[in-house]
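Following this message is one structure expressed as structure tokens.
Naming follows writing order (A, B, C, D, E and F), and every chain is counted from residue 1.
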């Protein structure tokens, strides 16, 4: 587990207990709430670990039964957790009402005063953590938690680049956490240190301050490559493709490369963590030696698949990837 | 709560305990049944109260734990309940198997010997109840419960008109309660006292004794205006718009006015009470000072939305209405 | 299944759907209700069939999904059901709040207008039904359903005695169905036709119009033997023996015989049908050729055991009886 | 129940306990599993019994609580079960993850060392069992359980033909039980004794060793008629017709007859047992005196309907068939 | 509802969403959590309203779905809620693992940054709220929320006394909220304004700074009467009386009066809110015109009963009180 | 995780999926089954890891979703799992009906043809696994799985002693797996290699072939010390101490030492794994540096506590041990 750091990924981020109404009830009506554990970066690591990478998650957690549940979840899915336990913090929660056609999924965050908000650039010895890793992952959600966490991400990325690890960043803007106006200056400082960027077309439009997200995602990705100096921009697109179905594809854009996945359709049981599954599968492909075509395609497939099960992270098996031509419904592009 | 009667609505009707199979089981197979509370007029009031009206519900209930649960449900949703408790009556029940494509939802009524069936025109002091109210609501279901309830509705409507309150009636024909042949003479006596009529195209066809419900709902509504002297006929139409989705619109037809909503699509989690949500939102709009366009549109949106959650009544918030452009999928007409 | 009538028992009675709150909630609070099927005589037959007797149940049921569920329940437990289906009747229900120390179990009956209430002495051809049976069973609950059912029981018992079958009657007084004053004249007419009587000490006291149930149940049983001409009076006694535990014993009293079981203790999961389990096991013993000591002891054990599982009837296996020395905790008398 | 053998069907096969994740969870995540009982031939008999046939099921079961649950399930649905109890065998299980679009339903069989695997041609007195029956039913699943069961089916079919009963066989190839290479020689020996064959187009292609299942199912059925000497080949086709909907039709092909059902659409709640429902309804039609058109059409409708409820067998009512024009959505062919 | 203030009680306090593991799981293991609503003062009002008092609850709540659920809960139980909605606050939560013998119930509070913590002495117009009320209720939990809430309670009590309303205070010390050292100076300032004090023997010992809670609760109560000038000190004592059973009694001590209840036993389903039920029933008795003996006895009975059902408040019926001689097991003192 | 082998324990054994009826239903009646994971040796390791030891579990598992769930369970609880995956084996299951007073808990094993049955003395490189460990643990259940597993345990114990690790063996006789006659010769060969033996008084009586387990457990333990050469014999005793309560104590007997715990009482929610919790806590004490008194006492407390929660293993925290004086009810000996 501590083993081979050459295929190792280090992630940093906050994980939460999710409390969701079981059968489409509103929060005011449900007699019981389902308990899940999720958090963008940990979800990515769960998927990457399921597909064979050696994954380590660095975080701060409340030292109470809720925080310990989060750590057990990571361990159960084969992710090594390095935790700075905080006896005084709250465990972050989020409450969910799963939507259907005509009613969007509602998220009610309750993540104030949590342990991760007290993260600072000196909480961990980044250099030791990064040594020998192939990649380091974080996301815009971590940056939204406050100045400390945002600076910690920047510090980590700087150390990682210095140590020869790839830096991977998922924009993951959450309007309920911060506005784009607040986010832009913070994110841009991180973006210039990110080798691989995961973003939606809308994210790119906002990051590049375009007026309209008109048409061409690839063009926007190329602008981002130039503006921020990324090695690769990975576009994820999900479109509603029927009543309770989503169609997903992933496109990787580099200076000299353009590579698009099949479009995979999926019935929506629980849409959380779909982008994280994509990133986890992409990393597993890239670091595991697959070519970019394969990595991108399995990212799209994992992303689609993640919609079809309850919970926040895809944790299937490497052999499942071979079946994606059967399970996924190909949609013409 | 007793407060401002100028925006007040008085409703009369029976409410029931609903016992439904939780996961599409047949009634013969389910190990547990979900418990909900519903009833057309009370559902209307729950929605109207949620949107700001001062709502009072008049009813008779069995004085037992099931009857008291019904009253608590009304109170929880901000509806003032005036109850004539009956220690000897049964609490009405209905058993439900929710359908899917290819299997219609089945309702098995068990509503004999209930308290509301013993309602008579002299059970309540209508004049005192109506004083100062803006509107009075009832439906064809109440009329189907027997001669006493039907006469009570007629008496109430007469008193209401006399007191300057609008009378609002939802046809709500239930084939499992009475046939159209039985219903027609009873309903017609009420219709001539109804200022606002809620009906489907099929209802209008039957009420006007047309052979076919061919084509033009608006023309039928105009005939009804003339035949029964309504101020407004509100047509609600729901069409299946895919696998588990419904598309809803509402059209209000008056002598000099024709006003149609957007068509809103909704995934069907639980179809009960959709028409009641429409009527509740319409009343909230009309009595709350909105223009007819807005009132009709929010009626259609509440109706669509009500399909997406379990339970019999929509009880969202005024601010939800502003979001209907986002939540509802507009369908071209 | 129709097979060997020599070991056959015929029962007549009403069965109901039971709707109980799952986890000690009050009826006003439970979001779901558990569904069970029960009814005194059918419960007796389920136990007797489980222990090897050929059992037939005669009843009237509502011809709707709830009534059909009742019939399927009997069949699943190996009881042959002869049903006069009634398309116009209600299915009887009862709602239950299971009690604990300090809060007695509450039963809320909803069994008006059911099919069994329309039973009359000519509904079935009793002579054909009884032919070749060893015993016929009914209870005071059936007599409480109305004059028709009570007369039907008397007619059946007369026919049965005439045909050489033993008549077996369980007093089963239910205060929520009728008062002792109403019950007494009706029950006495049946008692004089009952060969075997199952009763509690309190029942005997009321039937014999004693002032106090003082002390000696056996003396009361002897009086009943004389008063009503029974062959055997079977006393069942349950006493609370700790916090959530009951201690049960059974004593059979005949003219020349006195036979008492061990006292068996049982944790109370669901107390319904305990007396029916006793009677079913007693009949299985007596008709299956066991001596009275064994029959009485297995009756007490089945009665105790029935408290330990959810549902209304004991349906174990003959081999379970051999283990009763292990499972039951003997209590000194 | 033993009654009228002229309308009687005898089935032989294995039934299993099904343990499925309740809400689309993976097997690794579910805190509870739903329990159902199913098995191809028993499912057929449940449907046929529900529609009025006298049905008997012959099987071997583990003599333990799981095996006894299977027998009770058959009895509850009106199927007479003749069981050779095996105290040493395991009860067969299968674990299920219900799929959605993009994720196929997963079945994990756990059916080794079961009682039915020890079935031999001399386990039962086939001649006595068959006497007077109109039809005998088995399927390829029983043949896949081993040489003994396969030979038992062949012996039963030979005895049945000799006794004038129709032999009915459902190919039901299960790739997780045996390969087509293993299955072919075994199935062909049974096929030449089958009067009625139920198969998919793909089954026929494999049985006839065609390279591609190109186009014409009817032509393949005609080839099978000739190759194996069937009286009737019944093709069942299910196609995905939207997001969570299936469209089903049934075509019967005989030497001089071609008869196709409507196509019925159904929302998929639980796809298990759909083909068995078709065969049960077909048999109920054919043996109950309906014309082939009606039998085929009700087969398709029952098949569609069976997708819409949880559990393995359709057990509606004869009157439900009359409503199939309302419930089923006709699709143009 | 606004009606008769002469029998009116005003309460102030915080209410929370309770999330408890359903079946004795630890928080780290439960797949679902039960949702309840509770809070000391609101629980008191729910009981008092159920027994006929006119009850009003003053509070601050988070203006989100969780806060609105709390308000609906009060309304459903007939308590009028006057809410100062706070869009920026968290809704308070508490997580519960119900204990059994050998494992105490665990409470994990998550009630930082809530709306009630921002309560100040000027948030409400106390004089208007108090006008005409018979009594005003609060507890030590409210005082523990911060300086603002504690001062608000003191202000309210001063205003109430001035207006002729009785002031009622439940010590309710919660060690997980504050230490006795922190609590003592705050509580003492309130105690001198409390006419009626509810306390345990241990509370009195701490408030009076005795070393040991040796023996005589009545003597301690008499000391408190003198020290703080109360009119009445009400002692509640609960002792474990068997495996999962509690025995409860209540003693009221005044200058010239000493009055003790029966001791009532109760099986423990959910121990929360038992003291609140006692206070609610006491107030209903005192303000409703009962003598002190009756009021004290029904307080003990409601307290015992509240242990036997899930949820935080007793909400039975006045008629239930008459049955307390049946339901309660009297224990010798 | 691989870390400090000086405090390391290696365990070998089979773990199973447990499927239990949720609410005291019989297996024939439950609509759902609860899923847990357990297995004697893994349970021991879960407890030991929770209390700070470095624990590694060696096993063979079916390479299917059920087997993988078992491995994830170990990981989630901080136990390092070294698995020899077997694609052809079944995952072992056991079905449970939890008992109450009067009805013993029933276990129905379904553990034939599992991966662990194919374990042989050469499956793993024991020497490498044992290197540096402080202790090695197995139990009689593993020996009952067949000759291969039994020999593997003997080989492992021999290697362990050779490497300086303590060998620890729990007799754990399971009558449903093998008879004492079959077990005795196998167990004795292992016992002579066990440094620490965990046993009940009854186990010792059988192992030493005494006629009666009369009186003195300590004397039997001393005989075992002499007969098999153990360093320590640890006696665990559980006696029913009321209705649904158990009282537990642990006594350690060495040549020159006798050390007995307090007796701790516990309400029984789920009795599985209680002995394993005792052994895990004992090992954590002994290897973690506690004195024998403390180790024995925390073993008894963990054992008692394990009865109070659902699931197979105690996984609390080191700090919980300090509270055992509060949580446990001391019983006089």
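Here is the rule we use: a contact is a pair of C-beta atoms (placed from the backbone, for glycine too) under 8 Å apart; a residue touches a chain by one contact, two chains touch by 3 or more.
What you see is a predicted model, and the numbers here were worked out from it, not measured in a lab.
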To get from chain D to chain F along touching chains, fewest steps?
1
Out of A-B, B-C or C-F, find the interface that copies D-F, where copy means more than half of the contact pairs are identical.
B-C
Homomeric contact chain A-chain B: same or different residue positions, threshold half
different
Report the inter-chain centroid distance for chain A and chain F in whole angstrom, where each centroid is the mean of the CA atoms.
40
Centre to centre, by mean C-alpha position, how many angstrom separate chain A and chain D?
45
With centres defined as the mean C-alpha position, give me the chain D-chain E separation in Å.
62
Multi-chain contacts in chain D: which residues touch at least two other chains?
22, 26, 28, 31-32, 72, 242-244
Per the touch rule, the chain F residues reaching chain A in their complex are 1-2, 72-73, 75-78, 80
Residues of chain A touching chain B in their complex?
23-26, 28-29, 99-104, 242-244
The residues of chain F that touch chain E in their complex are 22, 242-245, 264-269, 304-305, 307-311, 315, 326-329
Chain F-touching residues of chain D, taken from the complex the two chains share
19, 22, 26-28, 30-35, 64-66, 68-69, 72, 90-91, 93, 95, 108, 110, 112-113
